[in-house]
Amino acid sequence: MGDSGNSAAATVFIHPVTVRWADCDPAKIAFTGRIPYFALEAIDAWWDANVGYDWFRINVDRDVGTPFVHLSLDFRSPVTPRHILFCEVRLIRLGESSVRFAVRGEQDGVTCFEGQFVEVFVKASAHRKIAVPEDIRSKLEALVSEEPR
Amino acid sequence: MGDSGNSAAATVFIHPVTVRWADCDPAKIAFTGRIPYFALEAIDAWWDANVGYDWFRINVDRDVGTPFVHLSLDFRSPVTPRHILFCEVRLIRLGESSVRFAVRGEQDGVTCFEGQFVEVFVKASAHRKIAVPEDIRSKLEALVSEEPR
Amino acid sequence: MGDSGNSAAATVFIHPVTVRWADCDPAKIAFTGRIPYFALEAIDAWWDANVGYDWFRINVDRDVGTPFVHLSLDFRSPVTPRHILFCEVRLIRLGESSVRFAVRGEQDGVTCFEGQFVEVFVKASAHRKIAVPEDIRSKLEALVSEEPR
Amino acid sequence: MGDSGNSAAATVFIHPVTVRWADCDPAKIAFTGRIPYFALEAIDAWWDANVGYDWFRINVDRDVGTPFVHLSLDFRSPVTPRHILFCEVRLIRLGESSVRFAVRGEQDGVTCFEGQFVEVFVKASAHRKIAVPEDIRSKLEALVSEEPR
């Protein structure tokens, strides 16, 4: 997905998704409702690779929840099983108790969708908003990227 | 879901969804990725009830596709199996070849999410953009609502 | 779905499912993997209607889990969005700590699938098998049906 | 997944699945309905790797459909996001117009589920049963394994 300089290399993350028959509707393309799933899967993989916790472990092992308060997607081109779907994830904002991601999906060199997703941090057992835990914040600070190109 | 005047009554459509165990994640609320599914289901039901075609029939029987080019959602409150999820659908814009819907989800009197969804019309077999077919446009014109409150 | 005698009427439960575009694959029929979902949804609805607990409430409110140890399905005819899918659920065996259901799906008078599903009772927080709780057993005993026709 | 002799090596196929938060229910394990999806995904991957067609391509490019007429699953142990789920797929029977697969899921050395799945061959556009096409049959014949251990 293009050549990245060193600093971009530190903050861009690409998660491949194999789109399948099971994901497609009678129009022979991935059903609209599957695209948020793909993007969310890519963000979950980003957490695991970059912070050391996926959503399951951060919830169950740390009692930290990260529910979404916003998502938006623009669909540029259909997603099909013909090519691997590469989902590029960038952390573009780190707030006191929230994070904003940009996700871009690409197949065969073509941008299929672009979106933004916002999670907030909560104490999972109490459903109460919390500041980003310090050990996680220090990792996130190094990962914040500029606004998506 | 609030008192509606006569003209609103003509254009507001409410689709009930029974949220289940199958929809929930370990946080004991509906998984983020399920919410677009609920909203899309409500829009599909809107088409069937208001235009006389659901997405399956308009595609297979009319060769008219209505792929999404945009969706956005703001999550206000968790969705759970404790109450029926009422999805209010309003057609808020009718373009030359596109439609924009506002969808609001409510449980137990509380707004859970609000979103907007844009579909474009295509000749399904050709994946080519078309104007809204005349018989459908005449039905849609009577259904356009003001911007969501 | 056929005429039932009085005793059958007491033990047969029919759950309607609206099959949608979102459920269908490029063959224009419900994807194979969706059929277990429909049957499971019908069983969850059976619990709610007959025992007063759906899976969410029995787990969260009673700390009783009912995980599946078996499911099997024979697919007789494709499931499509053309007709409502009526799922007939029958409790056909009640063991010390397990229940077995028969589920039959029908569209437009045609049997689409038949299957059997076995759940066991566990203390949810401990993942430990338990006997069927007494208040639930007494309700289930009145609901056991003969083997499916 | 155990040591395999040479002939077994030729016929066993293992497909890894990353189980995620999105797949889990409030019991903190993969929802029952997700397990058939995992097994079906493994079979789809088997087709692609062994025959050169996944379900999408064999349908769209060859007009050959392979709908399921049967599936059964025994759940031995919960599936969780803690470990990769390895799905072992074996073609165990090749009929005139059908194939039977055994699928076994394993996490962390423990068998989580075992199942069997039967597909039939049809001319996709006509929904009419056909014999296994010759070029595909010749590939399948070399892949038939003994009944699952």
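Read from first to last, the chains carry the letters A, B, C and D; within each, the first residue is number 1.
Note that a contact is a pair of C-beta atoms (placed from the backbone, for glycine too) under 8 Å apart; a residue touches a chain by one contact, two chains touch by 3 or more.
As the structure is a computational prediction, the values presented were derived from the model and not from experiment.
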Q) How many links in the shortest chain of touching chains run from subunit B to subunit D? A) 1
Q: Scan A-C, C-D or A-D for the interface that duplicates B-D, counting it as a duplicate when over half of the contact pairs agree by residue number.
A: A-C
Q | Label of the chain whose CA centroid is most distant from the centroid of subunit C | A | A
Q: Could you work out how far subunit C has to rotate to sit on subunit D, using CA atoms and steps of 5 degrees?
A: 180
Q.
With centres defined as the mean C-alpha position, give me the subunit A-subunit B separation in Å.
A. 25
Q | Whole-Å separation of chain centres (CA-atom averages), subunit B against subunit C | A | 29
Q. Counting only residues that touch at least 2 other chains, which ones in subunit C make the list?
A. 21-22, 24, 26-28, 33, 37, 40, 56, 59-60
Q | In the complex, subunit C residues that touch subunit B | A | 18, 20-22, 24, 28, 37, 40-41, 44-45, 54-57, 59-60, 80-82
Q) Quick one: in the complex, what on subunit C touches subunit D? A) 26-27, 29, 32-33, 36-37, 40, 56, 59-60, 65, 67-75, 78, 124, 127
Q: Spell out the residues on subunit D that touch subunit B in their complex, using ranges where they run on.
A: 21-22, 24-28, 31, 33
